[in-house]
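Got a structure here, written out as structure tokens. Questions coming.
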Amino acid sequence: MTRKREQDRIDPSGSPQRPHLPDALNPVHHLRVMGRLVRRTSKKPGAPPGTLVHTGPRKVEEVRLSFIDYDEGGLREREIAGIEECYPFRETPTVTWVNVDGLHDVQPVRGVGGHFGFHPLVLEDVLSVGQRPKVEEHEGYLYLVLQMLSYDEATGSVQSEQLSLILGENYVFTFQERPGDVFDPVRERIRNGNARIRSRGPDYLAYALVDAVVDAYYAVLERIGDEIERLDVEVMESPEEDTLHRIHDLKREMLVMRRAVWPLRDVMSHLLRSDHPRITKETQVYLRDVYDHAVQALDTVETLRDLASGLTDLYLSSVGQRTNEVMKVLTIMASIFIPLTFLAGIYGMNFEHMPELARPWAYPALLGLMLAVAAGMVWYFRRKGWI
Amino acid sequence: MTRKREQDRIDPSGSPQRPHLPDALNPVHHLRVMGRLVRRTSKKPGAPPGTLVHTGPRKVEEVRLSFIDYDEGGLREREIAGIEECYPFRETPTVTWVNVDGLHDVQPVRGVGGHFGFHPLVLEDVLSVGQRPKVEEHEGYLYLVLQMLSYDEATGSVQSEQLSLILGENYVFTFQERPGDVFDPVRERIRNGNARIRSRGPDYLAYALVDAVVDAYYAVLERIGDEIERLDVEVMESPEEDTLHRIHDLKREMLVMRRAVWPLRDVMSHLLRSDHPRITKETQVYLRDVYDHAVQALDTVETLRDLASGLTDLYLSSVGQRTNEVMKVLTIMASIFIPLTFLAGIYGMNFEHMPELARPWAYPALLGLMLAVAAGMVWYFRRKGWI
Amino acid sequence: MTRKREQDRIDPSGSPQRPHLPDALNPVHHLRVMGRLVRRTSKKPGAPPGTLVHTGPRKVEEVRLSFIDYDEGGLREREIAGIEECYPFRETPTVTWVNVDGLHDVQPVRGVGGHFGFHPLVLEDVLSVGQRPKVEEHEGYLYLVLQMLSYDEATGSVQSEQLSLILGENYVFTFQERPGDVFDPVRERIRNGNARIRSRGPDYLAYALVDAVVDAYYAVLERIGDEIERLDVEVMESPEEDTLHRIHDLKREMLVMRRAVWPLRDVMSHLLRSDHPRITKETQVYLRDVYDHAVQALDTVETLRDLASGLTDLYLSSVGQRTNEVMKVLTIMASIFIPLTFLAGIYGMNFEHMPELARPWAYPALLGLMLAVAAGMVWYFRRKGWI
Amino acid sequence: MTRKREQDRIDPSGSPQRPHLPDALNPVHHLRVMGRLVRRTSKKPGAPPGTLVHTGPRKVEEVRLSFIDYDEGGLREREIAGIEECYPFRETPTVTWVNVDGLHDVQPVRGVGGHFGFHPLVLEDVLSVGQRPKVEEHEGYLYLVLQMLSYDEATGSVQSEQLSLILGENYVFTFQERPGDVFDPVRERIRNGNARIRSRGPDYLAYALVDAVVDAYYAVLERIGDEIERLDVEVMESPEEDTLHRIHDLKREMLVMRRAVWPLRDVMSHLLRSDHPRITKETQVYLRDVYDHAVQALDTVETLRDLASGLTDLYLSSVGQRTNEVMKVLTIMASIFIPLTFLAGIYGMNFEHMPELARPWAYPALLGLMLAVAAGMVWYFRRKGWI
Amino acid sequence: MTRKREQDRIDPSGSPQRPHLPDALNPVHHLRVMGRLVRRTSKKPGAPPGTLVHTGPRKVEEVRLSFIDYDEGGLREREIAGIEECYPFRETPTVTWVNVDGLHDVQPVRGVGGHFGFHPLVLEDVLSVGQRPKVEEHEGYLYLVLQMLSYDEATGSVQSEQLSLILGENYVFTFQERPGDVFDPVRERIRNGNARIRSRGPDYLAYALVDAVVDAYYAVLERIGDEIERLDVEVMESPEEDTLHRIHDLKREMLVMRRAVWPLRDVMSHLLRSDHPRITKETQVYLRDVYDHAVQALDTVETLRDLASGLTDLYLSSVGQRTNEVMKVLTIMASIFIPLTFLAGIYGMNFEHMPELARPWAYPALLGLMLAVAAGMVWYFRRKGWI
């Protein structure tokens, strides 16, 4: 609560400093970046554990509970008004998936936690957005925290959104503040009566959801890859200070990605080795596939970071090279004309006794000498490879 | 002892060198930073182990012993005058928490050590501030060393304060030199008769205290995050030498944080895997939560370090870029006017036989030539993209 | 599908930006590089696992199925029109090797997967090019993904091509989009009736194929080594901006190699420790040899990366050194002639009362003074070691 | 032997190159640094193992054998003339500690090795100074190699001295070339009849000696910390080339420290986990304390290295910044006066037809124009923020 | 084969580019460096494993087989003409050591492989020089690959030479292309009838040989250490571009060393933990000694690399510092004289109405003003600390 206010305090003080900047560089953007990096702790400091307070900004107006219940034979899908409507399905052998969009209203979380007997710390973590991806094995259920990533074209930044997933005996709960569309393909597959997912248990559903989250990482990676592509061309062709700022921003975006992807690998690797009763042998083969994708995403993030570092180096040496060229032009101009000007200065002196001044050939001779000096300089610089 | 004097010796010699510096840069500040980095060993070199000497500076006037004893039914809270007053509670089944503020008087430590039979090295470590965070399992009790961090707005530096915690069968002892306020919320919860903490054992109290310490890290991290934010804007907008000095100082502050947080992760991970009888199964779930917070704090420290490094790079390339621009202005000015001055110099010569001088059109012609040369130069620089 | 189109969208927009660049730097090349780094996920995001879609570009016109069946006694080798032709050989004790060139037609993969009972995710991975090298142990067969590398002289880039290998009880399947020639020596050895390969099982054949893939890495490494060699000479002799761009490109190529070779080591190490029934004890000795080669290739990649980094550093300091030299020339010229010009300017003034002007010895004396000043400057710069 | 001569060969060739350098930079100092970094192998190359030759420089005139024998009841302390005098105490249950200062005379080592049956390689290692810290478990005794560090104020360098310690059933042998004073406090404690050390076994004595060695590291670390402190102020205030050289030297000193401290941690960690009969359970608690100190020393070394790296960066950017400022002054001066000089040059030309020259207002008008140009320039530079 | 030719192709093309370079920088040298870094794979790509082809350059004219057979009682040492001569000694209990110099004739390798039953891959590896150091445990014998290092003073480069060692029940075979002298001290010890080596088994002989190889590393390390020493002085005193090139070369040499030493540590560590029947318990103590030496050599290589990196940094900042100084001289000269020249230019103008020109005091007054301006400038620069 107090933290929220602190952030507000920074916003106005930051804004006036950079009023004429393009959107991608304005301070609001920066604050958003930082907000994603310095993750707030899960609750008011010192508050008792299990305090149910949503710690993130409110992003949607309405809490939305979407309910899907299916088995090989049938499918019930609808929006439910209250979380209680799903309680009866705890007893049925069908797979029940309840997705909660909007966490600022803590009622559904409290309700489901009480009825299904989830640990208070799990409920607290569901509401404290900004958690590090992790998996927790509890008796009777598994708790997963993931970060969903998307690329916000407007601000050119990577947005991350916490997804909490609880996998129980015959149900899956997913919680997120802002509704996303990464789960739509999974819903489509469930609706299709013949799909493999209909004949599998809730662990397969959980796999499908995690897989959809990881798949979405690749879209962000590609977007960043394109941006690096463009900057690579720009650095070689026409590096400007703004180029460097954009590389700098990009590196920061990749720090956000890294923080989502690194722990994810550990989460998947833990699930692969886990012998929790909620994960069946058959599903573990599929989880290995997700693990492979996570490792590959991680690989790509690291490679992109290497590329971005390479760009910074290239930029720096381009600037050094350009300074060198500017220097050369100055040196050539100055070195040719300064001696000539001196020569002209000599014969601009007003001494009475300068016998050369009276000679008719002196002027052309001096011009010739000047030409020779200039030619000598040009020859010298050419030999040095400067021209 | 000798070390204390050595530090004194440095203070005056350092001061005169920088008398006119702003507070954040003065040598006293620096010495304080260094003091936090080069941690002194725990005792006079070569002294026998278990020598009870307080190794840090005295920060409070009075030793203060605050005593809380509680169980689900009742609560006794008071300040006690002598450590002996808590001895009788060793026998009662209630949870007893004694917090000692002020370590320069070694009497309470010696007394408690003698009565409860703590190992001499534990007592020595309690008094030797500047320990690395660690956990030691002893028979019958656990010994934890942590570093409490706070951000001192006056000097812009991170202050660390050693907290020693001894967890026994039905008691918890905490020792620190300077009284802090991070434990106040825990005291509040104890006072509340219905709080979960009242019905749990001393290990849950220890968890609550450690959790409060770790929670306080986030305030420091946010403060540093804000500072990086501000510097990020400053580097892009108007980098000055002072900006760099502040980034440099910030990096040093983060070294202090790292030294507190890295070992903490190992401490928590050790406690999680521990099967010491003082840690109950139920509390371990809560310790995992603290472990997650510690890992996240560590993650954030590392990310902030990456950001600060990025700032240094950005600063350096900004300076390079600016030098380049200064060079361009000089080169353009010099390259345009030096040849023109040379031309003017030619016709300022006093040769008797310079037929051009007498021609009426010579002067305007030369002015025209000069204009052409200048225009040519401008065109050349424009083609190079310098203008 | 949508991704394919996205790439198309980039291509044209990228091209016009750099129309006059040499081939090695054109945007198509860059896009190709990036395409190799940001590996696309294996399928349409959110699509059900096991969806059989080829995710890479179509590189060959025709699917080509080459079939070899052999034992110590005999050899049957031919091109087959349909994958079904190889089904009967599943029952024979002879070793059967079917190589599929061209993956855009998913029919052979689907056929073989159905008949031999491969896991749907394996079939999906065969078709999703851009996988990270890996090994999967399934019941009854092993699945390997490798990247074949080749150096494309035309674009100066490293091309990678996914090879999938399935090793069953008495058969080996290999899948790739573009037919390569790395397997030709293996085919030769099979055709030679006395070769050891004829008397061994399918695991030895698989070893021989993997060995051929790894051997091909060395040709690429040598090619890059030669390039570094050339750049090393160039950086020391005549560093130009283009040199740096080529080092930059080279580093990027090595990122491609690293991504192929690093995981390969893990694959080989896994196979070495594996007790899967498809890998016999005798073949494991040979696999250790491949493992050694992979480690050595990795070593070489890392060393080449170190060398390339060293080149960048050397280039940067060369540029700094050269700027320094340019500065020296400018400083020497300016420092010598600017004071002289000033002296000449003094006596070019038109004051009526300048008694020196009338003295006959004044002019030669001033020339002498000028000479002395110039000589003094030269002496000064020589003492500084600048000349 | 041959190596000794090689070093001699370098000394004179190195000296003449830098005859006028201050002490801290002279080549002898450098050679000493290098000598500490490139540790010579333990013996003449190819010589049989167990060859007893002292490989370091002779630092003391006399071999000194100091003998202490004690138990709870009594104490015998004296200098002994020959190593044989301690042999009888092998049979007594008292703790015997023989410290050998001076290794160039191999007789005591050979004698003690023969009588107590130490492995030839142990004896060889005792004499071959420059070993990496290590612990070796032999039957009946433990062999430790440590590096004692001290800061030599005269040369400003860290001196390391090999300490060999053999811990047997009821005796401890320590060997070093140069007598140090780090053991004096331990001797004091032994002389004190009531000290804990008197009632413990030889493993506690060994612990006390190792602890004294590690304690001495902190004095060196503080000394280096002070130096970094001073350099930090210097870099910000008035960076000169000498500052950089001293940072460079400091970094080299820290390489020396690292080489002593890193392996020490492994040594202590090995002893902690060891179940060798010479290490009792009670002493292991104390060893953990030493382990903690070693880890903390290591931490500090790494932090100091980070600080020194930060100083180099700061120095570099300070230089860049200063170059930038120098450039600005030059550019401002040149940009203001070069155009003015050109204008003056125009009207210094001797054309006969320059109508302006005759106008009375021309001169003040030109002066006004010049003033305007100069003011314009100043305004321009002020707007750029250069003035 | 084809590779050999490829290298030939490069040689001439590389040579003409740098015809006037000193020996240390010529392209042949570089190619040699590269040849040591990009290790060729062991055989023609795709050739069957076990193909016996020597892959390195032929360095000696004649194959030389030196034979030593000994036990405690006697010694037979001679050169043998054919490898068959050693076969009979397979049956005797004496230790037989056959050293083969020259691998271009594959006959001895093939012969010994056939008679003693070595694995084809071992024989292939013996002939394929450029292997990574490794150890292979086979039934009945151990196979070791090491790299012998020597410093070639002529080219200033580190030469590495592959040593293959096969340790059997009562024999040791060593193979190398070029005869070295590192084994001479071992031969001496064998000839000495009383040496410990005469009473030990073949594993002790193998230890002695490996120890001799590792001992030789130290000579190379010292040589490189001396070179760094010299460069350190040079960088501080008079850094030139050539200094940087030599640091660059040195770094490359250290990459060669690293590639030999890193894997060696793993080899020795493997042997220490090995329970292969060919390694006796008593010899393992000695192997630990070699392991210690290898670790120490590795430590030294890493330290030298750190030092070399420090030198590059120091060089770069020296250049920056020098550029700064050059700039200062230029700025001071230009800033003093450009305004003065302008003043002189003013009074060199030919306006008719310049009343000052007629005043007698004007000229000395102007000279005074000029002096004042110059003095002001000097004062300003002195205050800035530039003079």
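By letter and in written order, the chains are A, B, C, D and E; residue numbering begins at 1 in each of them.
As a convention for this text, a residue touches a chain if its C-beta (ideal position, glycine included) is under 8 Å from a C-beta of that chain, and two chains touch if they have at least 3 such contacts.
Just so we're clear, the structure is a prediction, and the values are computed from it rather than from any experiment.
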| item | value |
| --- | --- |
| Chains in simultaneous contact with chain B and chain E | D |
| Interface residue overlap between copies chain A and chain B, same or different (over half shared) | different |
| Gap in Å, rounded to a whole number, between the CA centres of chain E and chain D | 26 |
| Centroid spacing, where centroids are CA-atom means, of chain C and chain D in whole angstrom | 42 |
| Chain A residues counted as touching two or more neighbouring chains | 316, 320, 323, 327, 330, 334, 338, 341, 345, 348-350, 354 |
| Chains listed in ring sequence, where chain A comes first and chain B follows it | A, B, D, E, C |
| Chain A to chain C touching residues, read off their complex | 182-186, 188-189, 195-197, 208, 211-212, 214-216, 218-219, 221-222, 225-226, 228-230, 232-233, 236-237, 285-286, 288-289, 292-293, 295-296, 299-300, 303-304, 306-307, 310, 313-314, 316-318, 320-321, 323-324, 327-328, 330-331, 334-335, 338-339, 341-342, 345-346, 348-354, 385-386 |
| Contact set on chain C toward chain A in their complex | 3, 6, 10, 14, 17-18, 25, 27, 30-31, 34, 37-50, 119, 121, 125, 131-132, 134, 136, 238, 241, 244-245, 248, 251-252, 255, 259, 312, 315-316, 319-320, 322-323, 326-327, 329-330, 333-334, 337-338, 340-341, 344-345, 347-350, 354, 356-360, 362-363, 366 |
